[in-house]
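To keep things clear, I will list the structure first and then write my remarks on it.
In order of appearance the chains are A, B, C and D, and numbering begins at 1 in each one.
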Amino acid sequence: MNNLDDLYREIILDHYRSPRNRGELESPSARVEGFNPLCGDEIVIYLRVEDGVISDVKMTGHGCSISQASSSMMSTAIKGKTLEQAHRVIDRFKEMMTLKERSLDEAEEPSEPDLRSLGELAALAGVVKFPVRIKCATLSWNTLAQALDEVESAP
Amino acid sequence: MNNLDDLYREIILDHYRSPRNRGELESPSARVEGFNPLCGDEIVIYLRVEDGVISDVKMTGHGCSISQASSSMMSTAIKGKTLEQAHRVIDRFKEMMTLKERSLDEAEEPSEPDLRSLGELAALAGVVKFPVRIKCATLSWNTLAQALDEVESAP
Amino acid sequence: MSSFDPRRVRVDTPMLSRVVKGRRLTYLDSASSSLPPRTVIEAIDRYYSLHHANVHRGVYTTANEATEIFEGARAGVAHFLNAPGGSDEVVFTHGTTESMNLLARSWGAANLRAGDVVLVSQMEHHANIVPWFQLRETHGIEVRFIPVGEDFRLDLSGIDDLMRGVRLVSVTGMSNVLGTINPVAALARVAHEHGALIAVDGAQSVAHLGTDLSALDIDFLAFSGHKMLGPTGIGVFWTRREILADMPPFLGGGGMIRDVREDGYTPATGPTRFEAGTPPIAEAAGLGAAVRYLESLGMDALAAHERELTADALTRLAQEFDGRVRVIGPATPEQRGGVLSLDVEGVHPHDVAQILDQYGVCVRPGHHCAKPLMRRFGLAATARASFGPYSLTADTDVLIEALGEAVKLFG
Amino acid sequence: MSSFDPRRVRVDTPMLSRVVKGRRLTYLDSASSSLPPRTVIEAIDRYYSLHHANVHRGVYTTANEATEIFEGARAGVAHFLNAPGGSDEVVFTHGTTESMNLLARSWGAANLRAGDVVLVSQMEHHANIVPWFQLRETHGIEVRFIPVGEDFRLDLSGIDDLMRGVRLVSVTGMSNVLGTINPVAALARVAHEHGALIAVDGAQSVAHLGTDLSALDIDFLAFSGHKMLGPTGIGVFWTRREILADMPPFLGGGGMIRDVREDGYTPATGPTRFEAGTPPIAEAAGLGAAVRYLESLGMDALAAHERELTADALTRLAQEFDGRVRVIGPATPEQRGGVLSLDVEGVHPHDVAQILDQYGVCVRPGHHCAKPLMRRFGLAATARASFGPYSLTADTDVLIEALGEAVKLFG
C-alpha cells in the first residue's frame, strides 16, 4: 500500500484531525467562498489584511482529508505574511500541483529545491500521483487567490 | 429478379397506371381519410350507400404502386356490393395479408380457395413476402372499414 | 440459496476480468451504473457491424432489420414490464432523467395548474425533484415532500394532510442512497383515492426488483438502461395508453410529427410522438438483450440474491466495526435493496473511496444526487457500496478488509 | 483524384461486408445515418468491457478511466471543430434534434420575446422547424422562412426585408434533401450586422464538409454522432463560452445542479448545466473514435471525394435516363454535397427503393423530415441516394443499373 502512504502522510492526517485556524472573522477584509462541484467540498476563507500583511485568517467548510489538510496548512503558511509573499506561496504550491501536466505519463516527485521552500506543504506533493485529488488540494488555494484579488482591488 | 415479379404483377401495375374510381363524390354517405405515417401515403374514400348497397365509391390521395393499386382494385371489388358483402371482402383480404403472422418464418402462398374467392385481388398476395409493404396494401382497406362503420352507425 | 448463480453472471461480464492495483475488480457501484454482460455488448457490436441503418421509413433490407431490432426491443421491454397495453405504451428516452422531464413538461405542463401539488419524497433523486422545481417556475405548481423518518422509511403518518391538493404523487420505487423499498402499491391506492395519479422513478426498482405493470396499479414509470445491465444513452418512459394518447409532444423534430407546414405542425400518435429525432437504435438493441438476459436470470431470484448479500453485509459490518462504520439506511434487510451508504467515523467518504480503490473496490462517494435527503440526515456525503446480479459475499469480504485499512489509517 | 482512399475506409467498415439479396451492400443512405468503422465499434466494445462506470464524482480507477474517456471525447470534438473556447463550449446531447430543442428552450425561451423573429429556411429539417413552432406556441415568437429558389438554393434577394425583427437566424449548413450547401459565413455577417445571432444545423455539414469554428463566425452549432461515422444516441450542442454562461438550464436532474434544497436549486456552470442525468458515456467513447478517424482521413479530402462522386453521378444520371430520372437539387456540383434526391417519372419513391433493394442498393424514400421543402417543390416524396467516405463510383454503377430496372418495370 505504498501509494496510500504517499497520499496520506502523517502530517496531512494531523492537519485533517486538528485543522488550524478554523472559524470566522468579524468584519474581515475579504470573505470568499470556494466550491468543488465534483465532490461537494466547500470552503469559506476570511482574511484580515492590515498594512499589506495578512494579520489573521480563518476558515470554515467541509471536505475530504486532502482539501481540509491543504487549507489548514495553507492558513499557517500565509498567516503573518505580506500579500506579496502569499502570492509567492500560492504560485509555488500550484506549480507543485501542476507537475502532472508537465510529465503526463508518470507523475514525478518535484525536485528538491521546490519542496524545501514549501516547508510543511511539501507533504502534499504525493497528491499529484492521484490526479482526481489535485482539485481537492487546490480548492483552498484558488479561493485564497480570489480573496487576495478582492483585497487588492478594494478601493 | 423473381421476387420483384411477385410484388409487381402486371395487373398491379395496370391499376397503378390507370386507377379506377378516382375522384370525389358530392354529399357522400361517408368520407374517411386514411394515412400511413411511415411512408406518407394518404387516401380519402367517398362512399355512397343506398338501400344497404354501395352504389358508388371514389377515392383521392397518393401513394406507392401497392397502395394505389390496392385501393383501385378494392373500389372495383366493392362497388355494387351490399355492406355485408363488402365486409366479407375486407375480411378475406385482410386474412390474405396477415398470412405472415401465421407462418412467421417464411411467408407461404395462400391456399387456392382463398385466392379464387378474391378474384383480381389475389394479385396482391405476393405483398406478404415484403412485410414492409403490407401496410401499403392494407391502408385503403382499413380506411374502408372505418367508412363502413361510419355508415352503419349513422343515425 | 436460490437456484440463481451469480458466478455464471460473473463469467458473462467482461468488466469483472479487470485487474486494478493488482487486484480483481470488486465492483460495488451498481446503483450508479451496472456492468453489462457480453450478450449486451455483442448485441450492440452486431447491430453496428451487420444491421445498422436509420429506422422507420426505410424500405431496404438493413433498414428493415434495424427497425425490427428497434421495435423488437420495445416489445421486449413491454414483455419485461408486463405492460397491459404492450409496446404502444413504451416510449424510448435517453434515461430516467429525460423520462421524468418528459413527464413534467408534457403531462405536467398540460394538466397541472398554479397551486396544484406534486407530492415527491425527501428521498428522491434530483431527477425526480428538479423537473418539478422547473415546472414550479413556469407553471406555479407546488412541490411538496413526504418526510423520511428516523428509520429511513417514508413517514406516511400525515399522508392525508400531505395529499391535500395533490394531482400527482411521484416517488422512487427504491432509494438509491438508503436502499429503502417504498410501498408503491399502497401509495398508488392513496393517490387514486384522492383522484391523483402516481409516477414511479424506477431507476433502481425496475433494475433490482422488477416491475409487473399488470399487477401494480401505477400510471407512469421511468427507468434507465445502464442501471439494468443495458447500455448508456437509453431509458424508458411508460404510461397507460389512454394517458399517453392525451399527452402533448415534448421535444420537437423529425419522427414525432405527422405533418409540418410553414404555418404549423401536427404531432404523430403513439410513442412516436415523444421520440423526436433519430432514436437510440444501437442502445435499444443493447437494452433488448439486457431484458432478455435479466429474464433468463429471473428478477425474483436476482432480488433474493441481493437481499441475501445485503443481510450478510449488514450483519458483518455491524460486527466488524463496532459502530465506527454506520449504514445510512434501514438496519433490517426486509423491504430494502442492496444499497449500503456508509458513514465511516472520522473518514471523509472521498477518502474512504480512495483507500478502497487501492484494494480494487469500487464505491461511490458523494451526495448521490439526493441532496435534500443528505441534508435531512445532516450528511454532506456517504461512501455508497451497492450490489448487482454478479455480486458475491467475497465482494463484501474485500469491502470489509479495505474499510479496516481506512479505519486504521485515520486512527 | 485526391490522396484519400475510400477503399481503405471500406475495409475498415464492417457493414460493407454485408450481402443482401446475393449482392454486396451498395450503401447510399449516409445522409440518414453513416456506417461506423471498426475503430468506433471497438471503442464502444472496449469501453463496456474494460472501463465502464458512471462518470463524475467517481474516485475509483475505472470511474476515472470512464471520466477520462468521456472528457477526452469532449476535447476531441473541440479539437475537431477547432472550437475557440475548447472543451468548455462543447455540450453533449443525444443528437441534433435535442441540440436544437436545447437552443430553443434555453437560449430561445430566455432571450426571445413575443414578436421576435427566428428566421429559418424553407429547406430546414423538421428538427430546425418544430422546436421554433413550439416556442411560438409558448412565447409568441414569429417563425419566418427564407424561400428556396428554383435553383434549389436559398433566395437571399429579399434578405434585408426578411431580417426585420430577426433575433436569430437558424439554417442548415447543408440540405439533407437537396445537397445544397448554404452560404453560412455570409449569413453570419448579415445576422450580426442586424444584431442577430446565427445557429447552424450542422447535421450534414459537420459530417461531410467539416466546420472550423475559429474561422466561421457563428454562434450556435448542432450535430449528431451517427451521421459522422459515430454512434447513435449522441450529439453535440456548441456555442461560444460567453453565451453558454448566460443560458438557463434545459432539462433538470442529476449532474446539472450545484445544489438542490427542498425550496429550490442552483444550476451548475459550464457544459454540465445542460447535461442532466447520466450522459451518453459509451457513445462519447464512440464519437471520440469517430472524430479521430475523420481527422485521419482529412475532412477536406473527404469532401473533395464526395464532390467528385456527385459530379460523376449527376452527369451519368442525366445521360442514362434522358430526363426520366430527375435530381431534385442543384444541377452543378459546386456548392452542393453528395445528396441526390431522385424523382423517377411514373415510379413512386417507395417503389424505387423497393426495386433498388433487390440489387442491394440502400436509398431512402420519403419526405426526409423536410415537409415544407417537399411542398415547395410539389413533391410528396423522393428516393434519396447519398454518399459517404466509403462510397465509390461503383456504387453509382449499381444505382444506375437498378434504376434502369425500375424505369423498365414501370414502363
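Criterion: a contact is a pair of C-beta atoms (placed from the backbone, for glycine too) under 8 Å apart; a residue touches a chain by one contact, two chains touch by 3 or more.
Values in this document were obtained by computation on a predicted structure and should not be read as measured data.
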Message: Using C-alpha centres only, name the chain that sits farthest from chain D.
response: A
Query: Roughly how many whole angstrom separate the Cα centroids of chain B and chain D?
result: 39
- request: Starting from the mean Cα coordinates of chain B and chain C, work out the distance between those two points in Å.
  value: 46
- prompt: Roughly how many whole angstrom separate the Cα centroids of chain A and chain B?
  reply: 79
- request: Going through chain C residue by residue, note those that touch at least 2 other chains and give them in order.
  value: 21, 57, 59, 350, 354, 365-366
Field: Shared interface positions of chain B, touching two or more other chains
entry: 39
- prompt: How would one label the connectivity among the chains shown: line, ring, star, complete, or other?
  reply: other
Query: What pairs of chains are touching here?
result: A-C, A-D, B-C, B-D, C-D
Query: Mind pulling up the chain C residues that touch chain D in the complex?
result: 14-15, 18, 20-21, 25, 29, 32-33, 35-36, 40-41, 44-45, 48-50, 52-54, 57-63, 94-98, 100-101, 104, 122, 125-127, 129-131, 133-134, 145, 224, 226, 231-234, 249, 251-257, 259-262, 264-265, 276-283, 350, 353-354, 356-357, 360-366, 369, 371-372, 375
Field: List of chain C residues in touch with chain B within their complex
entry: 56-57, 59, 64, 258, 268-269, 272
Message: Taking the touch rule as given, give the residues of chain C at its contact with chain A in the complex, in rising order.
response: 21, 346-351, 354-355, 358, 365-367, 380-381, 405, 409-411
Chain B to chain C touching residues, read off their complex: 35, 37-39, 131-132
- request: Could you pull out which chain B residues touch chain D in their complex?
  value: 1, 3-4, 7-8, 13, 16-17, 39-41, 62-66, 68, 130, 133, 136
